[in-house]
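Note that the chains take the letters A, B, C, D and E in the order they are written out, and that residue 1 is the start of every chain.
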Amino acid sequence: MVWRKRYSPPGTPPGTLRPPEVPQPVRVTAIHYTAETYTEQEVADVDAFLKDVPRQGVLWLNVDGLGDVALLEKLGQHFGLHPLSLEDVLNVPQRPKLEDYEAYQFLVIRMAMVQDMADLSGRTEQVSLFLGPTYVLTIQEHYGDVFEPVRQRLRQARGRIRRSGPDYLAYALLDAAIDGFFPVLEHLSDRLTALEEAVLARPTRETLEEIYAVRRALNGLRRALWPAREAVSAFARSDSPLVSEQTKFFLRDCYDHVLQVLDVLESYRELSAGLMETYLSSQSHHLNEVMKVLTIIATIFIPLTFIAGIYGMNFNPDRSPWNMPELNWYWGYPFSLLLMAAIAAGLVFYFRRRGWL
Amino acid sequence: MVWRKRYSPPGTPPGTLRPPEVPQPVRVTAIHYTAETYTEQEVADVDAFLKDVPRQGVLWLNVDGLGDVALLEKLGQHFGLHPLSLEDVLNVPQRPKLEDYEAYQFLVIRMAMVQDMADLSGRTEQVSLFLGPTYVLTIQEHYGDVFEPVRQRLRQARGRIRRSGPDYLAYALLDAAIDGFFPVLEHLSDRLTALEEAVLARPTRETLEEIYAVRRALNGLRRALWPAREAVSAFARSDSPLVSEQTKFFLRDCYDHVLQVLDVLESYRELSAGLMETYLSSQSHHLNEVMKVLTIIATIFIPLTFIAGIYGMNFNPDRSPWNMPELNWYWGYPFSLLLMAAIAAGLVFYFRRRGWL
Amino acid sequence: MVWRKRYSPPGTPPGTLRPPEVPQPVRVTAIHYTAETYTEQEVADVDAFLKDVPRQGVLWLNVDGLGDVALLEKLGQHFGLHPLSLEDVLNVPQRPKLEDYEAYQFLVIRMAMVQDMADLSGRTEQVSLFLGPTYVLTIQEHYGDVFEPVRQRLRQARGRIRRSGPDYLAYALLDAAIDGFFPVLEHLSDRLTALEEAVLARPTRETLEEIYAVRRALNGLRRALWPAREAVSAFARSDSPLVSEQTKFFLRDCYDHVLQVLDVLESYRELSAGLMETYLSSQSHHLNEVMKVLTIIATIFIPLTFIAGIYGMNFNPDRSPWNMPELNWYWGYPFSLLLMAAIAAGLVFYFRRRGWL
Amino acid sequence: MVWRKRYSPPGTPPGTLRPPEVPQPVRVTAIHYTAETYTEQEVADVDAFLKDVPRQGVLWLNVDGLGDVALLEKLGQHFGLHPLSLEDVLNVPQRPKLEDYEAYQFLVIRMAMVQDMADLSGRTEQVSLFLGPTYVLTIQEHYGDVFEPVRQRLRQARGRIRRSGPDYLAYALLDAAIDGFFPVLEHLSDRLTALEEAVLARPTRETLEEIYAVRRALNGLRRALWPAREAVSAFARSDSPLVSEQTKFFLRDCYDHVLQVLDVLESYRELSAGLMETYLSSQSHHLNEVMKVLTIIATIFIPLTFIAGIYGMNFNPDRSPWNMPELNWYWGYPFSLLLMAAIAAGLVFYFRRRGWL
Amino acid sequence: MVWRKRYSPPGTPPGTLRPPEVPQPVRVTAIHYTAETYTEQEVADVDAFLKDVPRQGVLWLNVDGLGDVALLEKLGQHFGLHPLSLEDVLNVPQRPKLEDYEAYQFLVIRMAMVQDMADLSGRTEQVSLFLGPTYVLTIQEHYGDVFEPVRQRLRQARGRIRRSGPDYLAYALLDAAIDGFFPVLEHLSDRLTALEEAVLARPTRETLEEIYAVRRALNGLRRALWPAREAVSAFARSDSPLVSEQTKFFLRDCYDHVLQVLDVLESYRELSAGLMETYLSSQSHHLNEVMKVLTIIATIFIPLTFIAGIYGMNFNPDRSPWNMPELNWYWGYPFSLLLMAAIAAGLVFYFRRRGWL
């Protein structure tokens, strides 16, 4: 499938929010926590909820689905989000990037899920993350994400997450999204191992097509991660007061993970290129062997058929002692058969010695 | 078609304006607006018009066609344009670029239109944009552009455009030109999807030629956009007083769009390269299959023909009991036919077991 | 032809001037001008001429041919040129470069002429340009250059050239040399268009060789221009008092032209690579088609020949009713012919349906 | 084998230590030295040992095997190591890197051993090195390393090592790890030399597969060394007080060695690519020769068989003097044989002259 | 031959000097000069010589051969050379580099000699150059160098060399080494020209192997020069008091020469790649032509043989007027021959018209 981008019609005023063509169900979940308290709820009426949200603590508002433009506008107004950043939320896919809007940090990343890899599409999902002084707002394309372990850590108050600010939550989500590439890569590695065996055993056209598909998937993942590298690096070097020194330290570790994923990606790309070469060379080797054997068979029979043709000529032996006297020899026929056998054996022997058989 | 550039004869004094070989009709339209007022008119007598233009508000003068050198000189004099920049207007195609002439900003960009893509030429049209303190002057190669939505926004006073200065208008035009690449890419994506299906179904030489054409078109678009990247980036980081901070903010968003278009372009280029590989490999696979089957047919018949040749020999059975006694056997002929059938079946079986059939 | 460089024997003291192996006739022409006056003359006795040259105004001394080392030494002494720069004048080809010797600027560029392109050699000629406070000294490899239009402008006092200093003259010459690449590229574009048609129509080995030649020529031009890019850029950013701000402005325009030439070059290189691919793929396609058709012809006749072989066998029908009774059937021969026709038709039909014919 | 990375499940809190799946035996050895004293011991109870370790001198604690997470946590607590760096110790393979944790320097490098190269896996082992003010802590994946010569130098107090601080020890270990690549490369060079001979003599498919394997091994080594380049460079330019000026001097030498190893690697990669090309071209040359000879044999016999076919026709000579009178000629048969021999000779002569035989 | 590096066993203390495996004869020559005086001698007893060397003037000590470690240690002690730099002298090949040891500059370069190029090995020899305040010490791998012209200039006091310091001598030697690549390139250019002709005339496998060899040689030279580029550039920008401003000026010229050599190298590499392509395409073209002609011959004869087969069938004309009446026609045989001739002519005509012959 050719990769496509949603875009506003050229000339649309910047910051115009356009709903997606296919209406999608939208789900809003809110998690609010301090070091001591933790509440998690599905939000039906966003207005009412936002009015009642406590001042202290960290709010993580997560929106699944891009179908409700009115909701996005409400959120934009409440949190003071720039229309341009909301436009980027809707016009998926965006390149991963970090934008500093002073009042908040706007981060676009992409997450990969194993279940999306079954068809080797290399499909990734955009997550738009807004980091404000007391909140993190994440907006995903579809329901379903890789953030469940972060929710678990929040619920169980594991690690430092409940004692830290929204910047640490943003880091934790970013880290989960990046680390979510590892199982995807592992899945692809299984596919590559299987393909490697298939190529060495009995390769078919399907093998080649699957190698192509894996390659496309790897390209898709690389396209999602390469600009993320810059975004994470910019985040780790951010001079916004919204990001604490300590969180930057963790972000540098996260940057390291991005580099590792890219390294593994690169090595898989090399591997898949190698597989393709092996496939093609083994295909052509196979075909050449077949053609060589067939040609050798033909080459052996052609002189024999020629001899049979000779003795099938109708020269009249009665007219001249020189006209095919063999035909009237006592051992003529056995002699001709022996001659043919000798020629065949000689050719086989010759081909063997030349290493052609 | 080989890509060509108009150029002044080497050694021409810089800033010499040369009319294009083929005289083209020229059309001048003027839009003047303030937050409250809006006038739009076709200008026949530029001199008269420029004398009467109001001091307040923003003037957008648009020239379609490069045929009237005198007109350009008039405009150059009125707006104080440097001859070198006017020369760049005429000597199309120029590389997209931004030049800071203090009194005005000179921007060369290229716009792509879907209707130009039907023949996959990758043709783009040069738009020269002069941004002064109270005016925007755009000069296009031909009639027809992607700026209609901007005109609509001006007429309907949608968004902030009527309340902003000429720098915002310049941004809006630039943005429309860049976003105008998206429908072109969508068109190419449709072509690629169709080609993908054609390659997998029954590829012909026309398929290959169209893949080449799409590739050339993508190359053409990349050539138009790659330097535009730099120009837009320089515009967004401009320190000219003609560009306000807020407009620079929007220009950064526009820069982002350029990067996205380039990303999509790159992925389409990869895709078209992949299609070409698939085409070639499938062609050679097809041919190899044909040759293999044909060779196998020949290889099966060659030994049979040899046997028929044997029993077509004329050794005289009357002379010796060893001379082709089969000819006189009661079951001689059926035996020979059975022998041939057995050999054919054996060969087919052998080829099957070796996986050659 | 393999590209060669003249070089001093390794270990020669730097700045040693070595005459070229083949003595070439040398011609010196001098142009002296102020805004009001203009003299142009061929100089026979350089010593005498240099003594009499007026103090005011700009002197352009042009030397065609490198054969007269004594002359170069005289000029070096008169203008105070460093031996290393004179060595670079003689040891052609030098990489284009700009060297700042404080008392003068030393610029090496290469110029291309259409007449040199007929054999697609990609040959360019070195022009060494010395820019001093009151003079421009140019030294060319051979007679014949692209500077005639500059001379015309000087003679006719067109543009600002007569009112400007030697730096503007240097710019004008540089600009003429760079713009001189455009007609050369146009010539190559004609060749490429012709080759494109040839490749699509009936390509021969000569076509391929000419594509190679065009490619080599493009490589040669690129080799001449790529370093020129840096030299012109350095010239335009020069902080030498010899180059005025205004001239730098024009030089930036000239730099732009270099980029444009390189762009066109790059697109032609892509095009020629594409042509080569098309040629090879069309050659192999052609051959494959031939082989396929031939093989199909053979494959159709082989079973027919086999049947003819069957009925050419000599089994004795008198001995048994099973021995080739067909031979004695009333419709035996027509039946056998029909059988063959049916087999041939069946095979043709089968090959058609498989898309092999 | 596809390259794999151990990773924590996405969303795990940063710094969580996870034991490896397969429990491995862990061995701790401690070396403590001053200029005068030297003790070396295997440590069973790390707690007890760390309590008793003398304040003066340098402690080198080496851990072989990653199986004992509790041990790592104990060491982390004792030396004040950040959980993130301990996580990097466990999640092998990490990219080589240097991280400055102020209280200590954390260096990840990879070492290669000849015994691992027998199967051309390109496998390297991670060594995590912590450099503190009085200690060096190294943690290796498995038992077995390239540090024995460093231990010898310590035992025998050769060179300056016993008189220098832990930074010099860290350098010595790093240097040993880098220089350990040289014998591995030498091993690969032997393999390449053998392959070169094999390719020129009688190449088989195994040859090709081994070339691929060597290439993969070289890629693996490059992946291990390329980021090490940066790490060593950063170490040599470190501004940490833990690294003395003199050690930095030695580290620059070590950096030089990394560059040399990479140079050699690159030249071997070129070589293996060349071998592959030679192999493929020689394979296809061989096959083409075979096919050509076979086709020539067939082509010579086909006209002969045709002539035999002519004289095997049954036209009735009795009916007409024009019907195959040759059959009744006295020299008919010898004439036909001579005709065939002449044709065969003619064809052989023709093929010879065209250079086809 | 696979390229190899001498290296100390991993873990050897840095600065350990190891003699080469094969003892080589070592020769020491000393040249001492001031503007007025000049002495040149072979030195047998280095200790004695160094004691007596005059304070004034410049000493150039040249060591040919690496066999005498004790000598190197003596020199190291006398001139105060760091063991690491002496180690680099012995462990050849080193990457070309410049190292600033304050008391002296240590430069590693490689020199190429035409006599080494006969076997196209791309072999170059390491020259280690130490530049101190009053001396230049050069150590070469073998006897024989490209410095003879420098010695001549010293003997004859040509140019400024005798009036300048050791830095100028170092420059002169470096310049001679770099310029020494030009004759080597010229030699390779001769080989390439010869190969070009061979490829166009009658290419053999030896041609291909020689193209490969030239390519390998060019790669070897590039490997020697690419890092030299950096070293010379660093030398020309050195801020050591040992290098005078004027010498730096000459060094910049030398840097220019390195760039030129690299340019020529690059163009030769392109050329050799082109030759290889031409060879392969011409080989495959040749083979395809052969196969096509052979297949066409076979295809023409196959229908003829079929017709001969028809009239060789034994249907009994006596039984039915439909059974092969042709056999009893008066013009039967001539008719069949004519039929065959017509078919052959038709096929030849058809193949001609299709452009297959």
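Here, a contact is a pair of C-beta atoms (placed from the backbone, for glycine too) under 8 Å apart; a residue touches a chain by one contact, two chains touch by 3 or more.
Note that the coordinates shown come from a computational prediction; the quantities given were computed from them, not determined experimentally.
> Return the chains common to the contact lists of chain A and chain B.
none
> Same or different interface residues for chain B and chain C, judged by whether over half of the residue numbers are used by both?
different
> How many angstrom lie between the CA centroids of chain A and chain D, rounded to a whole number?
Each chain's C-alpha centroid was found; their separation is 26 Å.
> List the centre-to-centre spacing of chain A and chain C in whole Å, with centres computed as mean CA coordinates.
The answer is 42 Å.
> From the mean C-alpha coordinate of chain C to that of chain E, what's the distance rounded to whole Å?
Distance between chain centres, rounded to whole Å: 26 Å.
> Once you find the CA centre of chain B and the CA centre of chain D, what distance in Å lies between them?
Roughly 42 Å separates the two chain centres.
> Multi-chain contacts only, two chains or more: what residues does chain C have there?
Touching at least two other chains: 291, 295, 298, 302, 305, 309, 312-314, 324.
> For a quick check of the interface rule, what order do the chains take around the ring, beginning at chain A and passing next to chain D?
A, D, E, C, B
> Of all residues in chain B, which touch chain A in the complex?
146-150, 152-153, 158-161, 172, 175-180, 182-183, 185-186, 189, 192-193, 196, 249-250, 253, 256, 259-260, 263-264, 267-268, 270-271, 274, 278, 281, 285, 288, 291-292, 295-296, 298-299, 302-303, 305-306, 309-310, 312-316, 319-320, 322-324, 354-356
> Enumerate the contact residues on chain B facing chain C in the complex.
So the residues of chain B in touch with chain C come to 1-5, 7-16, 84, 88, 94-95, 97, 202, 205, 208, 212, 215-216, 219, 223, 280, 283, 287, 290-291, 294-295, 297-298, 301-302, 304-305, 308-309, 311-314, 317, 324, 326-334, 336-337.
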